[in-house]
Structure formats: C-alpha cells, structure tokens
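Below is the structure I would like to discuss, written out as structure tokens.
Order as written gives the chain letters A, B, C and D; numbering starts at 1 within each chain.
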Amino acid sequence: MTSGGDAAGMNPAVKSAAEYAKKCGMEPYLVEWGLRGLIEGWIHAATSERLSGILHRGGTVLGSSRSKRFFEYQFRKKAFENLEKMGISKLVVIGGDGSFSALNQFHADFGVPFAGIPATIDNDIPGTDYCLGVDTALNMIRQSVDCIRDTAASFSRAFVVETMGRHCGYLAMTSALATGAEICLVPEIKYDLDSIAEKMRLEKEQGRRYLLAIVAEGTGMGESLTRWMNDALGMDARLTVLGHVQRGGSPTVYDRIMAFKFAVAAIDALSAGKTNQVIVFRDGTFGNIAIGEIADIKHRVDANLIELCEGLSR
Amino acid sequence: MTSGGDAAGMNPAVKSAAEYAKKCGMEPYLVEWGLRGLIEGWIHAATSERLSGILHRGGTVLGSSRSKRFFEYQFRKKAFENLEKMGISKLVVIGGDGSFSALNQFHADFGVPFAGIPATIDNDIPGTDYCLGVDTALNMIRQSVDCIRDTAASFSRAFVVETMGRHCGYLAMTSALATGAEICLVPEIKYDLDSIAEKMRLEKEQGRRYLLAIVAEGTGMGESLTRWMNDALGMDARLTVLGHVQRGGSPTVYDRIMAFKFAVAAIDALSAGKTNQVIVFRDGTFGNIAIGEIADIKHRVDANLIELCEGLSR
Amino acid sequence: MTSGGDAAGMNPAVKSAAEYAKKCGMEPYLVEWGLRGLIEGWIHAATSERLSGILHRGGTVLGSSRSKRFFEYQFRKKAFENLEKMGISKLVVIGGDGSFSALNQFHADFGVPFAGIPATIDNDIPGTDYCLGVDTALNMIRQSVDCIRDTAASFSRAFVVETMGRHCGYLAMTSALATGAEICLVPEIKYDLDSIAEKMRLEKEQGRRYLLAIVAEGTGMGESLTRWMNDALGMDARLTVLGHVQRGGSPTVYDRIMAFKFAVAAIDALSAGKTNQVIVFRDGTFGNIAIGEIADIKHRVDANLIELCEGLSR
Amino acid sequence: MTSGGDAAGMNPAVKSAAEYAKKCGMEPYLVEWGLRGLIEGWIHAATSERLSGILHRGGTVLGSSRSKRFFEYQFRKKAFENLEKMGISKLVVIGGDGSFSALNQFHADFGVPFAGIPATIDNDIPGTDYCLGVDTALNMIRQSVDCIRDTAASFSRAFVVETMGRHCGYLAMTSALATGAEICLVPEIKYDLDSIAEKMRLEKEQGRRYLLAIVAEGTGMGESLTRWMNDALGMDARLTVLGHVQRGGSPTVYDRIMAFKFAVAAIDALSAGKTNQVIVFRDGTFGNIAIGEIADIKHRVDANLIELCEGLSR
C-alpha cells in the first residue's frame, strides 16, 4: 500500500515489492487508497495486469489518503478483519513517518508485522539519507529553473522560485546548488537580507545582470522576497510557485532503481521475521531501523549542504 | 534585433532572417539588447559563429530591453547615427507592438524602413493569428499540468494553475482545453463561482475526485480561487504559479518553422520596398499590414475558443 | 475506434469524439483493438471512467491491429452483427487510408456510415495537409537531435539520424529545417553525394567541425551514408535510428487541439448525414472528402518544403 | 580541461573546479579542445563570463579531442612549455582512463601534478563506482524507452533498443531494470536465445502482447536480435539505435552534484600535494587512487546487477 503524500517512485516500489514477493513464494495483494482502503477493504490480488504499465508513471496508481478514522480502534479493528478475511499476514507500506506510526499502532493492536519504505519528496524522514521521490522532484525543479534561466539571460531581471518543503530545506538547497542560484532561503538557515543586498549591489556593479533565488515554502518568504527584490534591489522580479509540478513526472532511473532495492529489502525484512521496521539507506547501504527508534532520531540535514548554502543566505 | 518581452522562437527567427538575408545578397547585422543596443551602438556583423548553436535555445541570445530613452528624439537620433555609420539601411525587429510603434516613430523621423515579426507568448498582437513563442509556451504549460495530473489522481484534491496573460486569456483557454481542465478563468469571460460550485458538487457526487483549474494572471484570481476551493468546495487546494517557466524552453518545431517563414516574409517585404510593415499570419497565409493600420485593429481572441471556455467559467 | 499504425493524438481524438457525441445527444461506444475488435465484439460504452486520464497519453489506449480477416465478407458480416446487436449505427475511425478503405467496403456491404480522422506520423494521407501525430513526432525527433547537437559541438564528428517515413520524407525534411541539419536525404529528392562531399569539404576548410544528416527510413541510406561519411569525408560518423521513439510521447498541444477539432468535424459530418467521408484540414480549414475521391488524389508533399530541402541533398 | 568522449556533467565539473579553485586562492585557467589544446596553447583564464551559462548544458563547452600527437615527446614538451609560459603548475582533467594515462606520462616527463575526474557514460573506469555522465545517459535512455512503451502497448509488437557500451553492459543492464525490459543482452553475460524463445512463447500464451529488449552495442546483436524476433517469435519487431542521444541532454541533478563533489575533491587533492591521482567514488565516499594502481584494478560491474540481468538473458 501507499500512504501519505504521493511521491514519484511509489509505483516502481509497488511493482517491485509485489514481483519480488511472488519470487519469494508469497502471494501479494494491493491496498487501494491507503489507510482508508485498509478500513474499507479495497484490496485486490496483485495480478500481472494490475502491475503492468505502472513502472513509468508518476504519483501512485494505488491512490493514497489521509485517514483520521485509523486513529480509532474500531476502524483499525475493521482493517484487521479485512486482512484476516483475505489471509493477509504482512504489510509493506510506502509512505512517510505518519503512516509508519499508524501501522506501528496497528502492529501493537493486532500483531500484524510491517515494513515501511520511506517515500516523500521532502527527504525528511529520520534515519535514512534518501526517501523515494526526491531525485525525481529535484529534476523537475531543475527543468523549471533551467527554463527560467533561458529567459533570465535575455533581460535584466530577478526570479524567485518557491519549492516544496514545509520544515526541511533539502529540496531548495540541493536545487540551488544544482542550478547555480545566487540566493537560497530555507528554514534551517537564518538569512540576512541586508547582507544579501550589499553583496548583490557589488555583483551588479561588476556586471551581474540577473538574479535567481530559490526559497523553500516553509520560510513563507516567496512573495515578500519578490517584493524586496523590486524595492531594495530595483530589479523587475517575478515569482514562480512550483507547487505539485514537483510531485509529478515519470520517476527517474535513480528513483526506479532505489524503489527496487527498497522493495527487496522490505520483503527480505518481513521474510526474516522482522515486525515493525523502516527500511533505511545510510552511507550507501540498506538497513532497517525499528520504528520505535526512529521516533528518537532527530532528522538532520547534511551539515555540509547547510554550510554550502549559508553563503547563499547572507 | 529582438525587443520587448522574450519568447521562444526569437533565436530561430534571428538565425533565419540573417541567413536568408545573406542569400538575398544583403549583409546582415545583429543588434544586441534591443532598443538600448541601437542607442549604444551594440551592433555586430551576423557571422556564422554568432549564428551557430542558437537555433534550439530558448529566450533570445541577442538580449532585449525596455528602453524609455528611445521615446526621446535625441536618443533616436543617436541610434540613427549608429546605423548610418555602419551602413545599415533596413531593420527587422522581432517583438511586440510596443517595439513596432517605437520603430514606426523611428521611421517617421529618419526614414529607416523596418519589418516587424510578432513575438509574444500572450498571442495578443492585433492582425495576426499567431505570434512566435505561443506554441512553446503552451507546451511548457502542458508539461507542468500533466505532471500535476499525475499526482492529482492519487488524492482527492484541487489544483489551481496560474498562466501568464495580463489582458489576454489565450494561453489559459487553450491550455485548459488541451489538458482537460474543469475550470478556466480568463479576463475575456465573466465567471460565476456559485454556478461552478453547484456543478462541481454534482460531479463530486458522481465520483469526481479531483479538480483542475487554469487561471490567467490577468484575472488576479489565483490565490482567491485556491482559498475558495478550500472553503466552498471543501477540497485540499494548491496553487502553482508558472511564471517565467512559460517563456523558456527550447522552441518547438512549430515555433522554429514559423520563425523561418516569418523571417523570410520579413526580408521579402523589405526587399520589395515595404517600409513599416508587420508580418502577419492569418487564415493559414502570411501577409503584411502597415503598422498604422494595426493600431486600428482591435485584438480579438477566436470567438470559438471563448465559447468553448464559457462552459468552464460557470 | 483507432486503427492502423498508432500516432500521438489518437487518445485525445477518442476522448473528444466521445464527449462531443454525448453533447450532441448520441450514445458513444469504444471499439478496442481496431478492426479485430469490431469482428470479435470488443466494444464497450464510453463511460467517464474509460475516458478519464487518457488525454495526455501517447499511443492509443484502445489498441489497434492490422486485421486481414476484415477483407473477408464473413468477418465483416460478423462485425456488422456486433454493431447491430449493440445498436451502434455510425462509426468514427481514427487511422490511415488502409483503415478508411476497409470501412468504405464495410459501408458498401451494410450501409454503416463512417467518418475517418486521418492519423499517421508520416503525414502522407492524400487530401489533408495534416494528420494527427505529426507535430508530436516532429518534436520527439527535435529533442533527440538537439541532444545530439550538444555532443556534436564537443568534437569533430558527423551524425546521421534516421527518421520514419517509408514513402514520404515529410518528417525528415521538416526536422532537417527545424534542427538546422546540413544534409537531408528523402525519397522525394534525388541526391548527389559527390556534390555534397564537395560542399562539405569547402565548409570544413572554412571552420565547420561537425555535420548532421537526417535521412528518411524509406531511402534505406542510414547505414551507407554513415559509412560514406567515414570514408569519403574522413569524419568519425555515427548512426542513430530513432524507430518507435517517434511514435510515442505525450501528445503536444497542437495535436490535442487538432484532435479536438477533427473529432468535432467527424461527429458533425455524421450528424449531417454524411456517410463515408474523411475529415481533412486544408489551407487552415476543416472539410470532408468522400473516401472515393481520396483514392484519386495523389499525395504530394508541399513543393516549397521540397525546394528548401533540395539544397540539403546536393 | 576535458578530454576523451564527452559526457553530461563535464560542464558543471569545469565550473565547480574553477570556482572552488578561486575560493582556495588559486588562479584557474581553461584548456580548450583537450590534449590538442594543451599542445596548441588554446588556454584562457577562467573568467566569470566563460563560466556563466554552462552549468545546464550537455556535452563539454571546452571541447575535447583524441590527440595522437600527445604520444610523442616533442608535442608533450610543447604542451609543457605552454603551461610554463602561463604559469600553470597543476592540472585537473575530466575524462576517461586514456586521458589519465596520457597525463601520467606528462607527469613523468615534466613533473606536472594532475587530478583526474572520471567521466564516461560507460561507467567502466576501474576503481570508482560512478563516472560523471552515467545518470544523465540512463535518464535519456529511460525517456526513449518510455516513449516506445507508449506505442508498444497499442500493438502486438517487439522492440529492440541498442544502448552504448562497447565492453561494458552497465547502461544496458541498469536501463533494462529501470524500464522493465523482458530481454537484456550485454557483453558480460552469455545469452541463450533458445531458452528466451521458450520463455517468451509461454508468456505470450499467458497474454503477453509486446516485448522489449535492451541490447548493449558491444554485443553486436541489435540487428540480428530484431530479425530473430521476427523469425523465431513471429512478432513484428523494430530496432532503435539510440546513438549519441545518450551522450547529450542537460545534466541531471545527480550529475551536477557529483560534478561539484568530484571537483572539490580534485582541487583538495592537488592542494594537499597529491601528484597523479584519480578521484574515485566508492561505497558512498570520495577518495583518491594513484593512477599507477588503477592500471592494476580490473573493472568489474556490480555482481548483483549481473545476477539480476541473467534472468533477462536466458
């Protein structure tokens, strides 16, 4: 099942998990519409027809949902009865930490083991260096920003691009580095507009004609930075809010291959008798962390990345 | 020279005009940074090196500008002296009607003939059915909206996409048709939110799970429609503001071929002794209109297109 | 129904035809797998679910086939009985002239009126200036050729790109113009390699470092031209055969809008009592031609286009 | 300097290396046209203008070459004198192992230290898990194959896609996994067509309608496998030869970030007094290997990947 916010890579993960489970002698099923589907019993055998033609599609063909009812025991019980009826004894859930917590409670109630595959474009699930969907999101942002550069070079102008990321600036910072942005504002770094203004004035004197700023949604600075560029820098500035463009798009090769590896690790963990583990990718290797331990890990963005971006915030 | 807002197709038009001019025995030059470049004398011979590798690039490699100084006679005189010095006797300007008017005044002052090639993604220059850059802009919008659809189908959600178009809803309307949007708000059509709400409620009852609205910038409705969807329709709604993403991108084949044909028509018009003409494309054929007559034509969006989109505004 | 070789724009045409038919008070059905589906009775009501999410997909979700059995009366009779049983009295077929002829025979046998929408990336159906799928195919080719240019400029090299087009060089010629190819070989134009070699040697002396040639499949020259470039021009040459990459890809805006207009014209023709007409687009306007007359029209590529490309074949 | 076959990521590496060198107090220069440029003295200061607008471009803006003259002492001497004249004391070369060997000899002759950044889409440089350009090439292949899938699903057909890779099947194998190909032939794995035919016949009986095969260029099997599919499997089969499409395209985010990290590691190695090292990325970490040791390492493709693809070769 897929759950929480959608991310590219969910479909390849669904396909890989089902196919690898078959190879391991299991009988895989697909849950539609996430936790809500568990409660309603929207569950189907993972036939070849259902798995065919989904590898290259963005979003999740299974659908997702945010189900408040799953917080109530009576609905979790209903979900458990659905699984029991169909003879389903293990779960793979592809989603974020909210979904993992929900299934941890479900495991506590009814003893159904699960393995979680981290998937969110924010890349902010503690314990793993990578979450499915991030590489695709970054490349969607890159394509948009490269298009803006085309036009930036034709004029004396400033551009502000707002990326997703409510609490985490990973997308914004990595995009800023990858596209050569001059300014980057994220929740993790304290910015100093006066110092930026000073620097930009200097660069304009030395011939700089256009400016590109990348701002994480969580800073709430998209509109005000655009106005500031007009007022303080005297440049015709324009805002682009990428929104859900970042979530869509066909999964990149990296996301497809990672989806495959996460899926194999998830099935292997369940086969090995693990009960409530999140599959993580750290320092180039796959491993598991018990969901309970994840709660104690504080998510931290790569210190190196933050250091590089500090120069773009001041 | 290119002038005014940049648009994909400007580079192929520059290349085609220069190469065709050479074939006709002329000696072409390139003016950099638009009207400002005329005044400053930023003018170079159109050598093969300068024309090579530009066909597929977005924006304009010549640069553009909005020059207030060109309104003053003394600066126009300076521009004329620059041309005289270099032996340049005719101009091809790729841009919008503001630029055409400026050059019309220049012609009135100094008798320098020019041919205008309409280029603006708004597709709102009177007298022509097509302006360079429109097809590329539409396909940039389509790609973004298709990405959003990927993710829309995974959730019960509403999406609002704001396109460019201050006074003209052509981009928004055509995109709405091409992407199957459910709602489209443009300056040309009076909308009725109550009626839309009524219709959407009915469709939700019949199983509709997500909504896509396309809004032209000129309506100023991007943010308020998004809030309205949250409040009145009870759907988690999200805004995407495409901004300059629409201006960029490599020119499509249609824009490159049209650029070529516009350029040939422009050189032919100058060769035939025309003095201040805009090249237009109407009902499938290329022709010229004297710039003076253009002022009298009211730009009108295809009535058929408006009729089709009325159903998306009520 | 869709029939014959697949082309981008078929899906939007299916969707538009079904939706517009509903608006006109008809009850539309979808035939799967083309003529074979007619015989087998693979026909379903065109529900919203079946029409949803197909607008942006390449190929044809209905499937297609090349059915020899349809040449035999007994199988056509079976097809007719299927239609009769379901109360289907009119057909819209999206495909090529082979499919139109087949349905013309079907009309002669059983009096079932049909309207044909021309769709083939070869753009070689007589009587119409445009066939669905061409704009998308051209842009797929453009993207590939632009990628090759990236790398061409880094080295002293020659590239040969083979496009589709068994009898018609439209794709190759238009792509050559749109990408600035130096050489273009198509079935319509007699080429002269000695003269090309002479010209290229001159250009190399003047500083040309790389060469791009576009060759239509129908010339059968892909491999031999590549070898010739190695041998006669002394350049490291490499062949790219685009194959079905050209048929795929999400339909461009132009193909989607044309699909819509073709579909409306097809339904209107059937509503007006026309019986066996192909919808055509000529000189910027939609019209119908009786299928019988089409047989008498010789397909001719735009003489202007051929003239432009003659310079690339000698 | 860039040298050898071009690869996406070279431009970001050039830009990053020059900018980081400046930060470290060095004075960076750019060598044009690789080894040939060293000999001819085509060397310029790395000004901001030269480094601007290159980050997102495919290929290498510096150009590359394969210079036989560099094997001769007299020309290497000339190259050394050029460097001496300009006060250049260290080299960063972005390319393949041929280029590294050439510079190793140069170091032996004249003591000029260098750091090599591995860049080749074949991903076959011993000692490193990743070479610049691979991620971009894989995504170019993915996009082409996804387009082919669009059309595959519309018909009963077989498709053969030939990727680059003379000795190494990395691109073909990874693409096969990422696109869900049914058949994959590479130099590293012995294939068995009879066994494949058997398997495909079974799958056709179970409803499979189309087949996708990915073949590495080095197997020389593109054309013959296509014919075999027609003959032995009775499927209408078609070949696509991707050619240099794979080398081009704007660098992906992964290639841009890796380019940055490789560049930093290269400058750091030179600053630390290393003399003839290749920068490598192994098990998630950057390091150096002396060029002499590289010669002793046998390049081996990930055994895991080969195992996964064995099932697609039999």
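One rule holds for everything that comes next: a contact is a pair of C-beta atoms (placed from the backbone, for glycine too) under 8 Å apart; a residue touches a chain by one contact, two chains touch by 3 or more.
Just so we're clear, the structure is a prediction, and the values are computed from it rather than from any experiment.
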item	value
Chain separated most widely from subunit A, comparing mean CA positions	C
CA centroid of subunit C to CA centroid of subunit D, Å	35
Chain centre separation in whole Å, for subunit D relative to subunit A (CA means)	28
Rounded Å distance, subunit A centre to subunit C centre (Cα mean)	39
Per-residue multi-chain contacts in subunit A, two or more chains	146, 149, 153
Pairs of chains satisfying the touch condition	A-B, A-D, B-C, C-D
Of subunit C, residues touching subunit D in the complex	2, 6, 8, 57-61, 63-65, 140, 144, 146-156, 159, 161, 238-245, 247-249
In the complex with subunit D, residue positions of subunit A that touch it	15, 48, 53, 55-56, 135, 138-139, 141-143, 146, 149, 153, 174-175, 177-180, 206-207, 250, 252-254, 256-257, 260, 283-285
